[in-house]
């Protein structure tokens, strides 16, 4: 079981709500994933007040399940000031102080801004938020965020939406080795095998959205990720065999007819 | 469900019996893996006649489960002639015409000999064996083996016992794309994530031995591989999202405060 | 200096003549590469008899340089019989007993057929050819070819024309470690960095064609490969520093103000 | 030619002075490298005042060559305040306002602190320094450093001293694509092939220290890096051929005997 701040999770697979073809499919996929924490862009929720009955309004209805906790995110903000403002709106609108803090000033590459994230994180922790910052796989930044009191760190595996997998593995290893808060690998996980690998490395959880949402069969893919995350965690606990540089046969090799 | 020759398998995880610390652990791990096909070095079985009551004798007792089929292998033979001789012994000793054909003349690197394997495969098919050859990830060799009637091909992922994963992925893709017999990725799979990836690529099954046997907790690791193989197969069926070269956000990115 | 059979080479960069936009560009690029051995598809040369004055006829004129040795190849043959026939034609047409033996029965993936290659190599060695077989990076096949008397082995780095680099690196290492004849990495080298890496690993030479021919500036790219091959060889001789698993600063790290 | 601030460089290979077995070897290697910019830990230089005639004192003598410019670095400082102090000392001691700004608070992993680096960079630019910050391969941080006026950015390829090569390649590509100041890949380059690859990707220069200094033959290795950097730059200018997903033969493939 994974504990972050005041919540305990049976599932180490966190999910998102973007890019699904239909809300009913999204709901079914989220349930199939076994996920207990799902991130929602504040923008989609906030619109509710203005456009009653709209698609955005509907979103929350599909997310009302006893097991499912919401993790509002600040996607779309460009600096710490906007992030703090968005966080307060989210707390009010959704009645939760949990927050996925993401700040990416550049609309093309969507890379997170670590400096602004640190400033916002410090302020939001003071304001009573449970902050999970989405950041580059930068070991020093992760430590500094830990020092200002974030509840977990969410380093990226590769550029968001790229499905490229764990390109930052060498740095994730350092982050995992030195972190005192849970490490959730976010962004870039394109296949269950990527999720399994992150868990095998010792990540505490992974967040997957695009890879499930844009699959030809999101419900089946969600179930596949569920198994992969469980598998990777078990492998971490059972400890992987070391990678060998010379071949070692698993069957006896004394020549058969000798 | 996977069909090879006359048998149908619910599990796409094939296993082996080498390197386990104890036979009781081996048995428990094999059951936890859900595997229905387990490879056994003929040498260990053959010894039965000579050393009654010995460890080798015991091996088969631990493998007697209704769901578990035996796949004798020719590990230790150095050429096609020895392989055919060993195959006949295995058929007699174990009462099965299934055979994992492996010929590696070199005791250091344990690389399979494709030329001898092709010669032996052709002869063994004529003699009524169900032949599953362990070979280099060589697409042309796979086609030629298919042409002489093997039941499946078993290309290696990386050097045997190395746990290096799917180093041959670029060639496995070609083999999978063009094969008309099942493709079982064998050797080198060191972690559940490797097994999941092989399945995501469209492999029909994987064979795992060392990674389970030498883990600190073989039973848990076997269960982890079971989930990983199921996960990878589901992901293959649900189809993976393509790898993108530019970032695409999963959350809306119109600037938050615009 | 590299010696293969009766020839000694100052340059460890072998080149090819395919895919160039114009023969004059090809000539200039080959000279810029410093290469002393250039492979030519027999088909292009053989046409000479029939189409005097044709483009094919011209090819040889552009290759007449004192330093440049021709290495006819059997590209296009599908089995050992065709290969031997083609080799004899090449010897007659070009006046050289050197031969790059390549047999790929499948027009889509162009993977070499190791079994046919071994059969043809044995026959061609008997007939007095200096045989350099193009093959999969299969360590056992390389040893068997060595045993029948080939002058060098030419394992592929990745699928021909793919520019994917050294996907077979784990197997090339084994081949290099155990080979008693020169190892020439052929196919897949897409960038000078790939060529340098092959040389750093201890390959005796590399063969590059597509990456030079289809570059926007083949002459400059040829010069780049020349430097890369020299660089990689020097690095091999000077020995690379080992890859470390923990960071070690190159500058002193006692805290500055302590 | 590469221009950074007020200086123009013929060589795109920057070097360092750490870890060499002897100063005479270091000098010879630096000359063989063709490098025109060499980084020196301030700590080693600063000691001069106190320990006249010491090894540290000698260091500068070996670096006095008309072509060789010094780039003092702040290795050992733990925050922006210490960095600014160290920079002023360096300017005074070495008579140059060029500075490689590196701040790594953690002695084990030696990862740079991006937040402190940004603060220090802004201050040092104001004080008239030509600042080249060593940082994580974080695209947003690179842009922010560019905005405060650094002369170049120096993202890492992999953990310092690890010789692991360009593990951050996916992020270096983004940094190179969007940077308006020169990009110098620093740290982790373990082989000439890594340096060539960085240049092929479009990096403006690379900094290499450990890989040269700890080689069995630093002088030859320095020369190898020189060629690799030239090669990679030429390949970048000539443009690499694209990586193909299907094989394309470089020789004609119409069946030979048709």
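The letters A, B, C and D name the chains in turn, as written, and every chain counts its residues from 1.
Methods note: a residue touches a chain if its C-beta (ideal position, glycine included) is under 8 Å from a C-beta of that chain, and two chains touch if they have at least 3 such contacts.
Here the structure is a predicted model, which is why all the values come from computation and not from measurement.
K.L.:
If you check the contacts of subunit A and subunit D, which chains show up for both?
P.N.:
none
K.L.:
Let me check something: if the centre of a chain is the mean of its CA atoms, which chain is farthest from subunit B?
P.N.:
It is D.
K.L.:
Could you work out how far the Cα centre of subunit A sits from that of subunit B, in whole Å?
P.N.:
Once rounded, the distance between the two centres reads 33 Å.
K.L.:
Would you kindly tell me how far, in whole Å, the mean C-alpha position of subunit C lies from that of subunit A?
P.N.:
Here the centre of subunit C sits 46 Å away from the centre of subunit A.
K.L.:
Hey, what residues on subunit D touch two or more of the other chains?
P.N.:
Residues 104, 108-109, 111, 159, 162, 164.
K.L.:
By the document's touch rule, what are all the touching chain pairs in this structure?
P.N.:
Every touching chain pair, ordered by label, is A-B, A-D, B-C, C-D.
K.L.:
Touching subunit C in the complex: which residues of subunit D?
P.N.:
Those in contact with subunit C are residues 16, 18-19, 39, 41-44, 73-78, 82, 85-86, 102, 104, 107-111, 159-164, 190-194, 196-197, 200, 209-211, 213-218, 220-221, 223-228, 230-232, 234-235, 237-257.
K.L.:
Where on subunit D does subunit A make contact in their complex?
P.N.:
Touching subunit A: residues 104-106, 108-109, 111-115, 118, 136, 138-141, 143-144, 158-159, 162, 164, 167-171, 174, 178 of subunit D.
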